[in-house]
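Next, two complexes with chain A in common: one pairs it with chain B, the other with chain C.
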Partner chain A sequence: MSDLIHNCIWLIPVYPLIAFILIVLGRWTGIMPPKSGKSLVIASTFLGLVHTLLFWAQWGPGYSPVEVNWNWLQAGPLQLPMGYYIDSAGMMMLLVVTSVSMLIQIYTHGYMSHDPGYSRFYAYLALFNFSMLSLVLSSNLFQMYVFWELVGVSSFLLIGFWFTRPSAAAAAVKAFLMNRIGDFGLLVGILTLLYFSWDYWAGPVLTFSHMGGAAQVALAAAGPMAFTIMCLLVFLGPVAKSAQLPLHTWLPDAMEGPTPISALIHAATMVAAGVFLVARMYPVFTLSPTAMTVIAWVGALTAFVAATIALTQVDIKKALAYSTMSQLGYMVMAMGIGAFSAGLFHLMTHAFFKAMLFLCSGSVIHGCHDEQDMRRMGGLWKYMPITAATYLIGTVAITGVLPFSGFWSKDEIIAATASYPLLFGLAVATAGMTAFYMFRTYFMTFHGKYRGEGHPHESPAVMWVPLAVLAVPSILIGAILSGQFGFPGFGELVYFGHHPHHEELNLAVMGLSVFIALGGLATAWLMYGGPNVISPDWFRKTFQPVYTLLWNKWFFDDAYTSIATKIYLPFAALSSWFDRTVIDGLVGLSASTVNVSGSAMRTLQSGRVQTYVALFVAGLLVLALVLWKWMV
Partner chain B sequence: MFEVGLYHYLGLTVILFCIGLYGVMSSRNAIRLLMCIELMLNAVNINLVAFNNYVNMNDLSGQIFSIFILTVSAAEASVGLAILIALYRKRVSVDMERFNLLKW
Partner chain C sequence: MENIPILSILIFLPIVYALIIPFLPDDNKVLNTFSTVGSGLLFVLSALFWWLSAGHAPMETRAWLPQLHINYSVGADSLSWLLVVLTTFLLFMAVIASYTSIHKRLKLYYSMIFVLTTSILGVFLARDLFLFFLFWELELIPMYLLIAIWGGPRREFAAIKFVLYTLFGSIFMFAAILGAFFLAGTFMGQNTFAFDQLANLSGSGVAVTAQILLFLGFFLAFAIKLPMVPFHTWLPDAHVEAPTPISMLLAGILLKMGAYGMVRFCFGWFPQAAEILAPYLVLLGMINIIYTAGVAMVQADLKKLIAYSSVSHMGFVLLGLGALNAVGIKGAIFQMISHGLISAGLFMIVGTLYNRTHTRMIAEMGGFGKNLPTIYFFALLIALASLGLPLLAGFPAETLVFYGAFLSKAFDVIPWFGGAQLNLSIQTLTVISAVGVVLGAAYLLWMLQRVFMGPLFPKWGDLKDASVSEVFVLSGLALPILIFGLVPGWIADPLESVSVDLSKPFGVQTEAVLPPAKPNYVSTAALADQREGESH
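Moving on, here comes the complex of A and B:
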């Protein structure tokens, strides 16, 4: 049995794949009734979770990585493997993905119960689960790239789930295009890495377990300049996938998808794949200080910019989307300053509380009859107490108030930035803004008077039970893994390099971040809470230019639109004209040349046999003359 | 004493062949055209026999060859005549000028 568990780790992603295939076949052949598939998918995820836990239980001390490679493709000396590689970081991801997605799949049953695409939705969920789990288990960069693209496809399908809505279709295409840019960079980066580290590999190439040696060889072969460029190309993948500046614009639009998807893919798991990739590639990135600096700054700026945009959002899901972006910025920044385990710790805590926050927002939207605008909410505490309570827990967790989970992980990141004053400043400012905008959404949604129409109601148990379950890790997981209460800390379980490290508490940073968080909370309360001491309108009028900037999301979308319409479209029109006139013209010219010369030449063929004979004889004579004159 | 040698035979066959070729190219009557083809074939036959005598008297391969050619050309002529009759039935003419359908 234990051998079975140990040797069949590859089954973990296969369970959801089987569920996916069964649903597709079942619905296609009509064997399965229209609203089915739920049990299959949830069971497949549950099996994956149980398998992961069983494997974890008998993994043994030290948690030494488990790796198996099969030969997937052999082309001359190139040997592309397919296999699995589990280390502590991978195990953490497996646990997060299986547990969060199982809860979300249960929740989906309530949220999507009236949707005609019920089965299709579950099929996509299973497909996503398969891709994401395979990505996490990938033993090498190529395999990861394959599943990286597959999660992109799932994301595309699910953003455009309601494809009859033009906005959803556009958002899906936008996500796909933005990710294409990043994936292109990633692919070029992977190939460059393979090229430079070619001499290193004997046997399976680009395996994560041998990335350290390969990175050394690649650095020696490429020189620091090319190596840095290669690192940045690889990093372009995570930039798009994890919605970092400047390829972030797809994530807020991705909220067009159903809310469970926003929770699962665009908050908890898929967008974290970028961070996970950076963590997997840490031996490569750490060799290029420039690349690390760029990564840190991209993360910090993303965290800051996203937080500022979130300040003005009135759509509850968009506000949460920018908050996700901001938190991903934290994680990427942590990667950039070398605090890999702090970044992954935040990834883990964030996955739980952000999934919960999104599910809460889904519950609110569901209860308010598909209303997403927070200006038409308010006072929902009375109507949906469980949702409100869990949302409050999530808000406190993300804000970073002691002792909720977000505090511990975010604090580790902020403490790690302590030696970089500018990054530290950005991180702390972002933390303050996070507290403000999260409590702003909370107060706007759940406090005050109800400003909408109709009668909001609490969601059914199938929806609030997952919320309640997610609340537990949102409160506790940070403290448990902080290393302060007898359990091993996250940094001792998941570490990069040779030694597990014990996180020392940085009391000054802790105090500062709690103070900042409470400051943000207080400001939000003064503006949107009970007393309404500071009017939001006054703010808007006083800081008009800033407000305009933030309301328009720093004009990123407008800039991209004008780049697309002013530069790209005219260029495309020019290319199209060139293609039609010059290229097609040349092709047409050659065709018509043949045509014209053909019709001229065919008059030679009179149909009279005697003419042919005469011409033949004439030709023969000429040939004979030539042979006689020049050959003899 | 005047001796008939290879060159005389060759001269004869060249003349015969050229007359045949000229006939093929110029005659408007299809029957005459067929006859001219026969003329060319016979020129070749004479050629073969003459060369055989010149190269090796004891070996009759040239003569055998010319008999083969005679046989084949007889078959060919009969086929040609059959085609000609079919054409004549259709066109009521043996004028080569009018047989010009073999083109684009």
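Moving on, here comes the complex of A and C:
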């Protein structure tokens, strides 16, 4: 039995794949009763969770990585493998993905129950689970690229789930294309890495277990300059996937998708895959200080810019989307400054509380009859107390209030930036803004008077039970894994390089971040809470230019639209014109020349066959010339 | 088994069908059934024969015109077999696709399709250059008629343009064929058209300049067929006018004749010339990929968009071949197969939409995903395969091409006129070509968005979803796309010896090939130990 668990790790992503195939076949042949997809998918995820836990339970001492490679595609000396590789970071991802997925799949049954695309939605969820789990288990960079693209396509399908809405269709295409730009960088980066480290590899290439040695060889072959460029090309993948500047604009639009997938894909799991890839490529990135600096700055600026945009959002899902982007920025920044464990710790805590926040927003949207604008909410605490309570827990967690989970992970990141004054400043400012905009959404949604027209109601148990379950890790997981309460700290389980020492808390930073969080909370309360001491309108008018900048999301979207429609499309149109007029024009010209000479020949005899013969003769003449020139 | 002329059976069985068809009753049902059963049998036979002849390369040679050193000689290696099975398979699919798109003069139509099949199979199986040329030219007659009789409004123009363009290339190929024939006499003591002897021509002392000329003679003909920019403008016209099944065959198989010829003759016989010309091929391949992707982006006509996308993807064949190593060459051949399945599928999608709406204008379509969910499903799957989504057939081909080209040491600069040089290495050109992956996604997804997503136009409210025969064709094409994407080894492994053999002559001087393969890992644990030892 234990051998079976150990040798069949690869089954973990296969369970949802089987569910996906069964639903597709069942729908197609019509033998599957409607709404039975749910049980299949939830069961498959549950199996994956149980399998992961069983494997964890009997994992050998010291959690030494488990690796298997199979040859997937071979040509000459090149062997591109597929396989699996589990270390502690991979195990953490497996647990997060399977557990959050399962809760969201249960929630989906309530959220999507009236949607005609119910089983299609479950099929896509299963497809996503397969891709995501395979990505997490990837034994090598090539395989990760394969599933990197597949989670991208699952995301595309789910964002465009309501594809008859033009906005959803556009958002889906936009997400895919932005990610393709990142994937282009990733592809070229992988190729460059393989090019420079070619002499190192024997058998399967690009395996994570040997990335360190390959990185050394590549650095020696490439020199620091080319090596840094290579690292940044690889990093372009995570920039798109984890919605970092400047390839972030797809994530807010991705909120067009049904809320359960906003929670699962665009908050908890897939967008975090970028951070996971950076973690997997750590042996490479750490050899380039410049690349690490760039990564840290991209993360920090993303965290900051996203937080500023979130200040002005009125759509509850968009506000949460910018918050996700901002938190991903924290994680990426942590990776860039070498705080490997802190980055992944925050990935994990964030997965739980952000999934919960999104599911709460879904519950609100469901309860308010598809209303997403917070200006038409308010006072919902009365109508949906469970949702309000869990949302409050999530808000407190993300804000970083002691002792909720976000506090521990975010605090580690901020503490790690302490030796970089500028990054520290950005991180602290972002923390303050986070507290403000999160409580702003909370107050606008749940406090004050109800400003909408409908009759809001609490969601059914199938929806609030997952919320309640998610509240547990949102509160506790950070403290448990903080290393302060007898359990091993996250950093002692998941780390890069040598086994770390037990770290003492940085009390000064702790104090500062709690203070900042409370400051943000207080400001939000003064503006949107009970008393409305400070009017938001006053802010809007006084800081008009800043407000315009933030309201237009720093004009990224406008810039990209201009590039696409004002530069590339005219260029493409010019190519098309060139093709029709110049190239085909020349063909037409020569054709009419032939026509004239053809008519001349027709005076001798008529018909195409003769032209043919004439062409043959011409060919023979050319040949004779050639032979005469080169053989005599 | 050895004594049965399996290859000749495959080549001439379709002609037998074509001869039987005139005597059948003039009933569409009978003709459809006969052609379906016949092409299905041909497909099964070709797959069966390949399987039975595994391990040895069948070869049949009979003296034909000994005075002129012309033999009837056919043979097959894994490259030929793959293309033969692709041909018979796509023929089977095209015949079924004809149910819904061809309604007039079915006798002539099916006869011509079978004559076309014979000529294509002949091209892939011929082992005598004269015979090859005969089959190559024979293909024009049925293709001309198939476009000119069953095509759209400008069918005659498109058909003539197609024929003249191919003929234009054939002149040069014919010159090269005769050149090879006589050079063989001079340098090897025997005028010959036989492939296995001509393959030794380059090593027999023929001047490199002469080899380059022969290479170019063949190349021009094949570049037109491929098609390669700037010789591609016949293709959008031909596709737009051709009926759906003919478009499927045109994109799926006929273009592969050009690619096949390049592999077999240009690279197989004149490696020295190939090595010298590789930089230009890669440059042209890059232009093919990027330029036509741009042109595809702005097409208002759905079928033209797909036609340009098909041209763009054939650029990967040039890029892969120009890498001059086993990885790139295998990728190029893999791309032929993938492109055959995917482009046939895309044209089938266009055909199903045209049959319902009688328009090909994207602006007149929209929201079809709502009432044509089955067609949407397949359109999505095949378009995703076309843009190179992993675990679908387009991905392994593009992967091998990119990896092969990027790891290649084929050239660092491109020699240019007057002793100047272009500062473009094969790595740079590969990276630029990889932009095509983004552009391909852009025009295909934008197409899907405009055609299948968004609100349904009221006038298309009562369209019916795919019929049984359409689902059969679409799933028939989707299944191998999925299978070869999941298990690319089923295509890649049979091609190992072909691609390694083709890459062997390269790099003797330039080290263009990759280093030799190293032994497989024994076990991960043992390897980890070994690595530890190395790093300390």
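Convention: the second predicted complex is superposed on the first by the 585 of 632 C-alpha atoms of A that agree within 3 Å, B and C clash if a C-alpha of one lies under 4 Å from a C-alpha of the other, contacts with A are read in each partner's own complex, and residues count from 1 in each chain.
In this text, contacts are C-beta pairs under 8 Å (C-beta built on N, C-alpha and C of every residue); 3 or more make two chains touch, one makes a residue touch a chain.
Computed from a predicted structure; not experimentally measured.
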| item | value |
| --- | --- |
| Which superposed partner A:579 touches (first chain B, second chain C, both, neither) | second |
| Partner chain in contact with A:544 - chain B first, chain C second, else both or neither | neither |
| Most chain A residues touched (candidates chain B, chain C) | C |
| First, second, both or neither for A:552, with chain B first and chain C second | neither |
| First (chain B), second (chain C), both or neither touched by A:535 | neither |
| Partner chain in contact with A:7 - chain B first, chain C second, else both or neither | neither |
| Parts of chain C lying in touch with chain A, wherever the complex brings them together | 161, 164-165, 167, 170-172, 174-175, 178-179, 182-183, 186, 207, 209-210, 213, 229-230, 232-234, 291, 294-295, 297-299, 325-327, 330-331, 367, 369-370, 384, 389-391, 395-396, 399-400, 402-404, 406-407, 427, 430-431, 434-435, 437-438, 441-442, 445-446, 448-449, 452-456, 488-489, 492-493, 496, 499-500, 503, 513-521, 524, 527-528, 531, 534-535 |
| Residues on chain B engaged by chain A in the complex (per definition of touch) | 21, 24-26, 33, 96-97, 99-104 |
| Chain B contact footprint on chain A (complex, rising order) | 602, 605-610, 613-614, 617 |
| Chain A residues touching chain C - in the complex, by the definition given at the top | 67-69, 71-80, 145-147, 149-150, 153, 160, 163-166, 168-170, 172-173, 176-177, 180-181, 183-184, 187-188, 191-192, 194-195, 198-199, 201-204, 209-210, 212-213, 216, 568-569, 571-573, 575-576, 579, 583-584, 586-587, 591, 594, 612, 615-616, 618-620, 622-623, 626-627, 630-631 |
